[in-house]
Each structure stands twice: as C-alpha cells, then as structure tokens.
Amino acid sequence: MTTIQINHLKYQYPTSDFKLSIDQLSINENLVAFAGQNGAGKSTLFKLLTGLVRPQAGEIIINHQGLAILSPEDRLKTIGIVFQDPSSQLFNATVEKEVAWSLLQTGLDASVIADTVDKALATVGLTDLKDKNPFDLSLPEKKLLAIATVLAINPQIYLFDEPMISLDWPSRQLVTRIMKQLAKEKHQVIAITHDMDWLAANFSKMYVLSDGQVKFEGTPETFFGLPALSAKTGLLTPRIMQIAKEVFGDSRVYLTPEDYMKKHSGN
Amino acid sequence: MANNQQVSLTHLSFTYRHDHDAVLHDITASAPLNSIVGIIGNYNAGKTTLCRILAGIIPNMMAGNLQGDVQIGALSPTQNWSDFNQQTGFVLQDPSSQLSGLADTVADEIAFDLLNHGVDEAAIQQRVVDVAAQLQLTAQLGQSPVSLSGGQLQRLAITTAIVTRPTILLLDDPTSEMDPQGREAFFTWLKTIKDATIFIVSNEIDDLCEIADRLWVLDNGELVSQGTPAEVINSLNSDWQIGTPKVYQLARLMDWTMPDDNNQFPVTVDQLRRCADDDHSNQSSQVSISHQ
Amino acid sequence: MEIRNNSIQKIARLHWYNFVDPVTKLLLALFLTMLSFDFTNLYFEAGLVLCSLVLLLLSRLTSATINAVSFCLFLIVTMILIQGLFYSKNVHPLFSVMGITFYLEGLLYALTMSARILIIIFAIGFFMNTTTISENAKYLESIGMPYKQVYLLMSVCYILPQIQQNMKKIQFAERARGINPQKTVTQKIRSILPILIPLIIKTFDQSINRSITLQLRGFNSPERTLATPKYCYFKAKFSHYCLSFATILLIGWKLWQIISRFL
C-alpha cells in the first residue's frame, strides 16, 4: 500500500502570482481524483509530485521516503505521469521505440525490454501499430501510447492529467478499465479531471483544489451535496444532477443514471 | 439534385494520395440549410476527412481521389472554392496551428481575417471588439496569442472563424481543450447563431443532442445513420461504439418513453420534461415517497 | 483604433529604435558585416565589435541573445585554441606550456575571425530584439511586397525559433520520462540525435497546417486591405539608399581585393 504524505508544501512560479500551498495532505487510497478549475494548481501539484519542479518549502514523502532524496532511477520507478497533451510526451521514430525508450533509461536487458514493450502495447491495444510513427497516430491512439510508455515502467504511482480529454468513447472505456485494474493491483492511481460525470461514476475519493489550496477531501457523494462549495470552487455537478434539477426540481445527489434508478426504486 | 435550400452530399468517396484504402465510402447525406449538423463517430471513422471536404481543403489543398458531389445551398466547396471560402469559417482540431503567427496581439490575430476580406480599418475595430466579447476574450485582446491557455486558444480560433460572418461554419472538435464551464458557455452561444449552416464534430454527445438539428454518424468511413438526435440515438448499433447522452441513459433505466412514440426515449432535457409532464406523473410521486 | 496596433505603444514607451524601419536595420547589419570583412586591421575590428555591441546594449537584451552570444564565445575560445596551436602559417611562438607552443599568427587570425562573428551576432541580435514578426510583415507589405511573399519570407525566418520551441517541449518530456539529466555535451547530443527526425516532421507538419489555414483564412485574397506600418519611421527611403550604396561599394571593394590577388 502506497502513501503519499505532503507537509507544508509551498510553490510559487517565478513569473506569476500563483501560489500553491498545501499544509497537510495524505493520500492513501488506490484510486483518487483531483478536481478544480483551470489555474487551481492541479498540474503544478503533479509537476511537484514527479519532481519536475522543486518546492520552495515543505516536503513530499512517499512511503516514508522523501521525494527529494530519491535517485532519478528510483523516482522513475516510483512515480510515472501521463500528460494531458500526449504529443508533448512522444518523440521517438516508431511506436515500439517510444515504449522502449523509457525502459532503456533503466538499463534493462534487451530481451526483457522487448517482452515488456509487447505487453504494454497489448494492454492498450496498439500492437498492430507498433511500426508506425507516433506522429501519424490519432489523438486517442497517441494518448494510449503515452499510457503504454508508463505501463512499461510500471511505477508504484500513476499520475493521469486529464485522462479523458481527447479520447473517443471506446478508448474512454479502455483507459478507465486500465486505471481500475492498476488500482486493483495495488498501484496508486491519481487523476486530475474536469469531467464530473466520469469522476462521480468511477471514484470514491476526491480532492478539490482552488486557488492553490485543498478545499475539500472526501467522497463525491458528500462533495456534490454541498452546492455552495462546488460553486465556490467553480465545479459543475454531474449531468444527471443537472437533469434531475431542471426537469423535476430535485436537487438531491445522484452520481450516475444508475444511481438515480437505485435511489428511486427503494420501494 | 441541386436543391438550393439543402446541404447535400451525394455518393462521396475519398482516398488520400499514396493510400490504398478509402477513408470515406459512398456517403450520401442531407440536411436543411441554416441548421446545425452534428457529426459523430470514433477516431478513424473519417470525421476529420469529411470536414476537410466540406471546407474544400480536399481537393484544393490536399490531393487524393475524390468522387461524388457536395453542395451546400448554392455553393460547392469542390467546384467553386474561392467563392465558397469567402462564406466559410473553419476551426481546426489543433487550434494553435490555426494562428497566423504574424500577430503580436489577440486583436491583431482576429483582425487578420477582416483585413483579408478587405474590410477597412475603421470597421475592423468594432467587429473585433464585438466577437471577442461573444467568446469572452475581451480581457485577452491586448495579449500575445502564444500566452493563451488551450481553451482560450480554441475560443480565439472560433473568433477568427466567425468574425467574417460566414454563412457556413465548420467546427472540428472545437471544445476539446475547454473546461466544463467554457464548454457549456460555448454550446449555449452556438445555439444562438442564426443564418448559418453549422457542421460540428464533437465527442460531447450530451451537448450535441441539445443543440443539433441533425446528427450524422460515421463508422469506418461509412455514414451509418442520419436523422434528428432522437432518431439517431434511439437506433444506435452497439458495433459503432458511441456513447449516449445522460438523459437517454436515465430514461431507458426508468423506462420513460416519449409521449408521442412509445418506442423512443428522449435525448434532450426538453424532451425528458415532456415525458415527465405527460404520463409519468406516477413516477414523480413515487420519487417523493421513496425519499421521505 | 484603440484596441489594435496602438495598445502596445500606450503601455510601453516608444524607444529610439522603433523609429528605424526593419529594412534599414537589416541593411545596417549587412553594412557592418561587410566593413569587418573589408578591413583586417585588428583595432578597426575591435572598434566595430564595440559599435555593434553598443547597438545591442541599447536595445532590449533578451535571454535568447545572451544564449546565442555565450554559445559563440564558447566557439571563439575553441577557435583561438585550435588556431593558436595548429594554424598553418604559425611561425612566431607566443608562449609555451608544458612543451606545447602557442603561436602569434594563429592567435591574430582567430581574433579577426572572432571579431567578425561577434559583429554579425550583435548586429543581427539588435535586429531580432527590436522588431517583431508582425512589424516586419506589416512594413514589407506596406512598401509593396505581395503578402504571399512576405509570409513565405517570415516563415523561413522564424522556422528556427519554431524548431527550438518544439525541441524544448521534447526535452521537457524526456526529463519527465527519463532519468539522466543530460549534463555533459556528449549526453546532450546523444539525447538529441534520435529525436531529430520526429522534430523535423513535427515542424514540417505544423508548417503545412499553417499554410492550409492561411489559405482558408483568405490570406492572399485580392481584396486584402493593405497593412499600415506599425510605427512612423524616420527617413526610411533615405537610409535605404545610403546604406545600400555603401554596402555595394564595400562588396565591390572586397571582390576587387580577391580578384587582384590573382592578377
């Protein structure tokens, strides 16, 4: 079981007024979502978690070890990230080389690498495209490839920045399935998302960021029951709640259409 | 065939040069002029290629084997492209590659289209300010386009497309990088546009059903379904792997059918309200009982 | 005209270099470069370096220029070392360290070359720092160049910054995915080599996309309203004639120097 513990974390960009400041935060669950408006600090938090930027104050502790003192190789095996824009993560000549690239950084044996690459590509369903140039793939395929590059390393913690963006319906199902499977295999899966329908349907633990601070920690069920808070943090409610409110004037919490049915077939 | 009040695609097929397989197969579709046509389907279904043909990028700038005919009112993108292009606004999938790269400010970027259309400087000012306000870019007018966020860039791309007051608007996944509020505002705004034929490719099936007059469904380069959103969503084939709107999912689970057709489920909030008003008052009463 | 064109000038004060038009600046750069090639006197070269450096310092210094200059300084140091040790006309030893002799001729030769490089870098840097893409484009269009050609010229000029930008993105991704922070030069080169082709494809693709949208946006339509230059320039025509004349004279003289060697 992985735990991330954040203590007195402070980060400010040199060129803007934006400040991220998290006093105490521990993430223990396997499947966690971070929500918040643009500029709330979600991506900054991810950059801090991957060590791409260093905090000005405070520390991030992963399994009782400081992130700052991890060797680059250990960090790579501890935490992996899938960016929102997959194009910014891909730069090799073929799909296969793209996945192998990360593994080469860890200095693995060639035959092990080949096997791992095949497995990662099979998981995301890109085996047939392995000789293609990543640049020629469609957006969902690029995103799946970006996911495969992280799957190949198989870090303890997976970070997904807006995983549902630029996916079509079947790939949304696939990525959701992969994320749940990883969580089941005792990985920690943390996603940033705007998509409240997806969040409500698939997560049982969420954090809400606003103005660089954590404003909520708990279940979606609780959060969406606090309309003042969701308005203040600039988040919408799931579509099913909007429908219930608009059509029936019913402002109770519903996470999915199925949830609505369950709550209405009690007797 | 040449009906001036119609959008009509007749036996449209297309293969890219250096490619063996056709991307679009024998597409025949129609829609009334000045309506909103939503184009749905998964990646590799041919949506972007269809947009390119509708904009005249194919065959005027990209080569390949194009067969069939496209007619949008009196205009055709394949035959008299320069006349057609004067009337068209286009938003690409990747908004950043749509910028001219020659403008220091957002205002200059928007004005670029007006200059190209020969609008004089005095009128440009007012029109730039007007469209920027419509898409909430007023505060950004003096900023450099490269400093914008993804969602703002998309709104800028839309602004540059509509500033010339086109009668045909082509939008290829215009909200992919917007946040939910931005997306909501965009679809609400799109619904208010009059006197333009709008083609929009989007994965936001909920929003699309609310605003579109017609839906065209593409699967593997074929047009597999077309009609009103309610008709199309109610006859989806699971092989096409297309999501359904939440209203429809809810109505199916609760078995709330349309008052005028018991085989169809609603796809928009308004339709659902009619179902609820009509003969489902018993369900509503059940609602209040079950939660006491 | 409040929102467009003038908004930037309202915020930022106009500088002297805003009154010099882009073509004059380019011609000035060419003129300085030719001067440095025509005269080989080292004091004169030093004077020219100083002149162009003052030009650069009077404009806005950007980090890009500082990077370019520091890269050039690195090149210059290597050049001075190599020429000082191995220049073919080396005769007079300057000093010896541990049996390795450093020669005067090589040093002088390298210094002349360095001066020329610095003059070019400083003068071009001055041009790049003080004009924006849109200013150049507007000016060229206003003096009668067809917009299509203006655009082509500008895209060629700015393809390097674009590649650089893509490069930065890729290197950021490498950092996110990789483990070696690429400290040494060989590591840097090794990390760049495999991504060169995707980099070029990406940049090329962006250019194609851009050219398609520009056509869709009607950039070469005959009705296009002619752009008005961004600033009022000081005696643009006059400076063009003077500088062109002087530069042509210098080129002629240089050619004569070369030809006369064979006579």
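Just a few scattered comments:
Letters A, B and C mark the chains in the order given here, with residues in each chain numbered from 1 onward.
Definition applied: contacts are C-beta pairs under 8 Å (C-beta built on N, C-alpha and C of every residue); 3 or more make two chains touch, one makes a residue touch a chain.
A quick note: this is a predicted structure, and the numbers were derived from the prediction, not measured.
The chains that touch subunit B as well as subunit C are A. Just to note, of A-C and A-B, the chains joined by more C-beta pairs in contact are A-B. Distance between subunit A and subunit C, defined via averaged C-alpha coordinates, is recorded as 43 Å.
One inter-chain figure worth recording: subunit A and subunit B are separated by 29 Å, centre to centre, where each centre is the mean of the chain's CA atoms. Per the touch definition, subunit B reaches subunit C in the complex via residues 55, 57, 60-62, 82, 85-86, 88, 90, 92, 94, 97-105, 107-108, 111-121, 124-125, 128-129, 141-142, 160. Residues 1-5, 7-8, 11, 132-135, 137, 151, 154-155, 158, 206, 209-219, 221, 223-225, 227-228 of subunit C are the ones touching subunit B in the complex.
Within the complex formed with subunit B, the subunit A residues making contact are 37-38, 85, 138-141, 165-172, 194-197, 234-236, 239-240, 243, 246-248, 250, 252, 257-258, 260-261, 263-267. Subunit B meets subunit A in the complex at residues 42-44, 93, 149-151, 176-177, 179-181, 184, 203, 206, 241-243, 246-247, 249-250, 253-254, 269, 272-273, 276, 283-284, 286-287, 289-291. Within the complex, the subunit C residues that touch subunit A are 169-170, 172-181, 194-195, 197-199, 201-202, 205.
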